[in-house]
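For reference, chains read A, B and C in written order, and residue numbers begin at 1 within each chain.
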Amino acid sequence: MDFLVIQALTGLASASSLFLVASGLSLIFGVTRIVNFAHGSLFMLGAYIAWTLTDALGWADHAGPLGFWGGVLASALMVAALGALIEIVILRRIYHAPPLFPLLATFGLALMIEDLVRLIWGPEDLLGPRAPGLDGAVTILGQKLPSYDLALIALGPLVLGGLWLLLHRTHWGVLVRAATQDRAMVGALGVNQARLFTGVFALGTFLAALGGAVQIPREAVHHALDMQIIVEAFVIVVIGGLGNVAGAFLAAVLVAELNAFGILLFPRIGLVLLFLVMAVVLVLRPHGLLGRPESEPRAAVAPTVDPWRPTGPTGWAVGLALAGGLALLPLVADAYVLSVATEILIFALFAASLHLMMGVGGMVSFGHAAFFGLGAYGAALATLGWGAPMAVGLVTGPLLALAGAAVAGWLCVRLSGVYLAMLTLAFAQIVWSVVFQWQDVTGGDNGLLGMWPDRWASDPAVFFWLTLGLCGGAIALTRHIAFSPMGYALRACRDSVRRAEAIGLDRARAQWVGFVLAGGLAGLAGALFAYLKGSVFPDVLGIPVSVDALVMVLLGGLGSLTGPLVGAVAYKTLAIVVSSWTDHWPLILGALIVGLVIAAPDGLTGLAHRLAAAGRHGRRAGRS
Amino acid sequence: MSLEIRALSAWHGRARILHDLTVSVAAGEAVALLGRNGAGKTTTLSAIMGLIPHVRGTALFNGVPILGLPPHRVARLGLGYVPEDRRVFSDLTVDENLAVGRQPPRPGVPAWTPERLLTLFPNLAALRRRRGGQMSGGEQQMLTIARTLMGNPSLVLLDEPSEGLAPRIVDQMIQALRAMKADGVGLLLSEQNLIVARHLCDRALVIEKGHLVHHGPLADLDSNPAIRDATLAP
Amino acid sequence: MTGAALEARGLSKRFGGVQAVDAVDVALGAGEMLALIGPNGAGKSTCFNLLTGQRRPDAGTIRLFGRDITGLPPRRVWRLGVGRTFQITATFSSMTVIENVQVALMSHHRRLGALWRRADRLYIEPARDLLALVGMADQAGRACGLLAYGDLKRLELAIALANDPRVLLMDEPTAGMAPGERAALMDLTARIVAERGLSVLFTEHDMDVVFGHADRVLVLDRGRLVAEGPPATVRVDARVRAIYLGEDARPVAAPPPENRP
């Protein structure tokens, strides 16, 4: 019993730090409508800088409590200044881009910050200082609780109260709340939106960095903190209700306590428990505990004035010529180039399957890697577990992905917009943790090794042709689906749910079918990937792979059916080339992504269209 | 001269919505911008406010060029905007909605306070702590106008203020707008019909498919049934 | 009323502390054009959303040609022959005009589940016919996102007719249109109603439309039915004038003298 009380108090102490991060994320989303993927990175940066100030520079040793807390605050302020800079230099230019592009930019930032942190502070875990004056413990019911935890328990409600006063009792706060509802109108009433956004972004960043800085006496600082915390922050924000600070507090307490007790009750499936709770909350309250439905959910795809046209004879001719040209590649390329080309083909299918879900179906996924990974494991388990031939693995892989998508989709189609996207991320993390922890079957962290293609396909050229055939066929299938009645049903639900339901469409069913199809096709890509690499690790289910898919689709442009292919080829080629030059490819890739988002907010295909239009315009001007 | 617009064109994507419009509103004057739905009235007003990225032409407000300025700069020069769909902040109380519109007093323009506004819109007085989202359409329309007046504008752009309101509420709104005009606030009012315009406006501009097709005293429309029937209400 | 196309009894709906719709009875006769009017916030839209299944009533029953449809989701109500148009147009903006109608036809014929067929070749002729009916045949190939507002409203009508409905519910069909267009759209609707033997329930703010096109008028105020009858009767009903039209006659033609230039 006593032990449980202490455990609960420890949970509350963790909740404070989580609340700081999540409330910042929520505030930023509320006003700017940006899902800040770099929020975890700013948390991490706050922790590292606080470590440098208090420990490496010795403020905590020399100046006692003042030095420690001064260091924590200074770190948060420094990161807040960086946040303001990021808003002014990068985000301000892309607010008018489709809603997912800022997300892409913040992902680029996250890549850069992670790499920079590794460059500056090295790869080792850093142990923080103890907080002077709070390094003892208090005895509660015969159990010891660190005094520092008590301070943290107080910090959460204190910040919550402060934020409430700021938002409800100051003019600035009223403006922030108004902008959360209608930013354009706030501008038309004479409020400088740009300054307001910078302020909110800096405040949100400050809260994230503070959350990171206060953690250093409790937890080692390391460079994987960013992804770890961003997932938890997403979960909290979704459970609490997007844009709702009080909801974030409730959810932070819930999540922290689940973590604290989940470890006791189900040591191996703590993460699963967390996501199950999230799923239950979202099914019962689709907009979170205290959230309210968005009045007008913005479509992921802007209404277009160029409706898609089915592939005509020219299109088929070009497609077949391209495939035919690619089929000649093994005649000129060596094994390395062929394996690179095979990988690009696989990712083209992966991107096309995500586009089917996002571009055609209007369902944004942050966790598409789940189905890619399930495909890979489904193939690996058949090959290594049953000794089945590759042909069987190429069926069991997609089937496992299909089954996973059927389950995830059943839950996801009850939601829409950002909530749906975050639920897909949660599902991917569940699958990841199951695979990671179920060592007897999946090999856990060690992965499954030694699953090569059957002898007939072991030659790189043959495997390339096989991949070309399967991926080419599957990509053509996604295209065909877009113009099938089912594709029209999906697009109808994407364009206007109200109208779709008023013409007898079963939205949930249509979207579920789209979700499952997309998952199955991603599974085929995953199965091929497993045979290409000869092994499977839990990494294939990780957030970075999900984000790879997202980046490829957004780079290519959501509004076009060829977009994901262009995006996949561009992104994958870039990744392979850059990582062959330098170890710091995340840094360079991140910078490239940020640059591209600013230069081409409508994707590469959009950029090409604009350049072509400018070219036509130029010629016409030249003639006249 | 208060607002002076020459050759204003605007685009939505690739579609050109406005074609070289010329509009002028003298200080304290009330002008009606008339036309069918889709004629370009909303686009005209939002282009003036800086809410449309792709525009061409010149617009001077009290001698200051405003085309291309961000909306908040335009608003701070004393140009108020009451949008078509009201857009009150539904989570904010009436007082908070008014606070968002607050701007420093402007020399030569009477300064509005919440108290003074509530005498102009008496039905808001009892609702000061009510959230915008819990108000009726008519109350919301009054609040939007009051919120705009908190910025002490010398000219207000009103986009179809009578749309969707019950006739009795429209009468109340006309009273308020007349009081504003009597206080020296200029109005540029877009409408599809002449009902509201007749009570307030001296001059009318008629646009059709983004082109200016008629301008002159409002009475001309009555003596020129061809234009009136082709473009407007019976 | 027996033989009513659509009949609701004791319809009630509460939102938080507000009784939006309070024991309302509606009976739409076969072949009738029935207008539902009332001030803002009177409960017209809620009433509509209850009838179309968008929301579930707290109490009351809804019958379509005698069949109980209370609480059915919108798509089931649609399948039973109720078409609807929205106050704010809802169309598929990424498709062409004809594709919008084709999707509705595919749904009507339960063909939307197919994965293998090419959809753009399905129901081209019936879609063209419907577009011709609303006078939009020449715009079939245009992007829906480029249509003028009045044309969107007509497209909505074509979509609503795709399931060959017996009852049409139109929520402010002429909102946002110029008066000339309003009359044209309502004349078109009246013609279709007569040709196809439809029954229409519509809400409307424009009194010219209401009194010019409705066979009968229902007046709602604060969730309650306060008057019902032919337009001529409702127009002079003292209670209706007080709550809705204003005490004075509308000065439509005569502006106050001080505002004459």
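Couple of notes before you dig in:
Operating definition for what follows: contacts are C-beta pairs under 8 Å (C-beta built on N, C-alpha and C of every residue); 3 or more make two chains touch, one makes a residue touch a chain.
All values reported here derive from a predicted model rather than from experimental measurement.
Each chain gets a centre from the mean of its Cα atoms; the one farthest from the centre of chain B is A.
Between the interfaces B-C and A-C, more contacting C-beta pairs are found at A-C.
Inter-chain spacing, taken between the CA centroids of chain A and chain C, is 43 Å.
Work out the mean CA point of chain B and of chain C, and you get 30 Å between them. For chain B, the set of residues that touch two or more other chains comprises 15.
Multi-chain contact residues, meaning those touching two or more other chains, occur in chain C at positions 146. Residue numbers of chain A whose C-beta contacts span two or more other chains: 305. On the chain A side of its complex with chain C, the touching residues are 301, 303-308, 310, 480-481, 483-489, 491-492, 494-496, 498-506, 510, 513. If you check the complex, the residues on chain C that touch chain B are 39-41, 146, 148-150, 172, 175-181, 205, 207-208, 244-246, 248, 250, 252, 255-256, 259-261. On the side of chain A, the complex with chain B involves touching residues 96, 171, 174-175, 177-178, 180-182, 184-194, 295, 305. Of all residues in chain C, those touching chain A in their complex are 52, 73-75, 78-79, 84, 86, 90-96, 99, 102-104, 106-108, 111-120, 122, 143-146, 159-160, 162-163.
Those residues of chain B that touch chain A in the complex are listed here as 13-15, 49, 51, 53, 70-72, 74-76, 81, 83, 87, 89-92, 96-97, 99-103, 147-148, 151.
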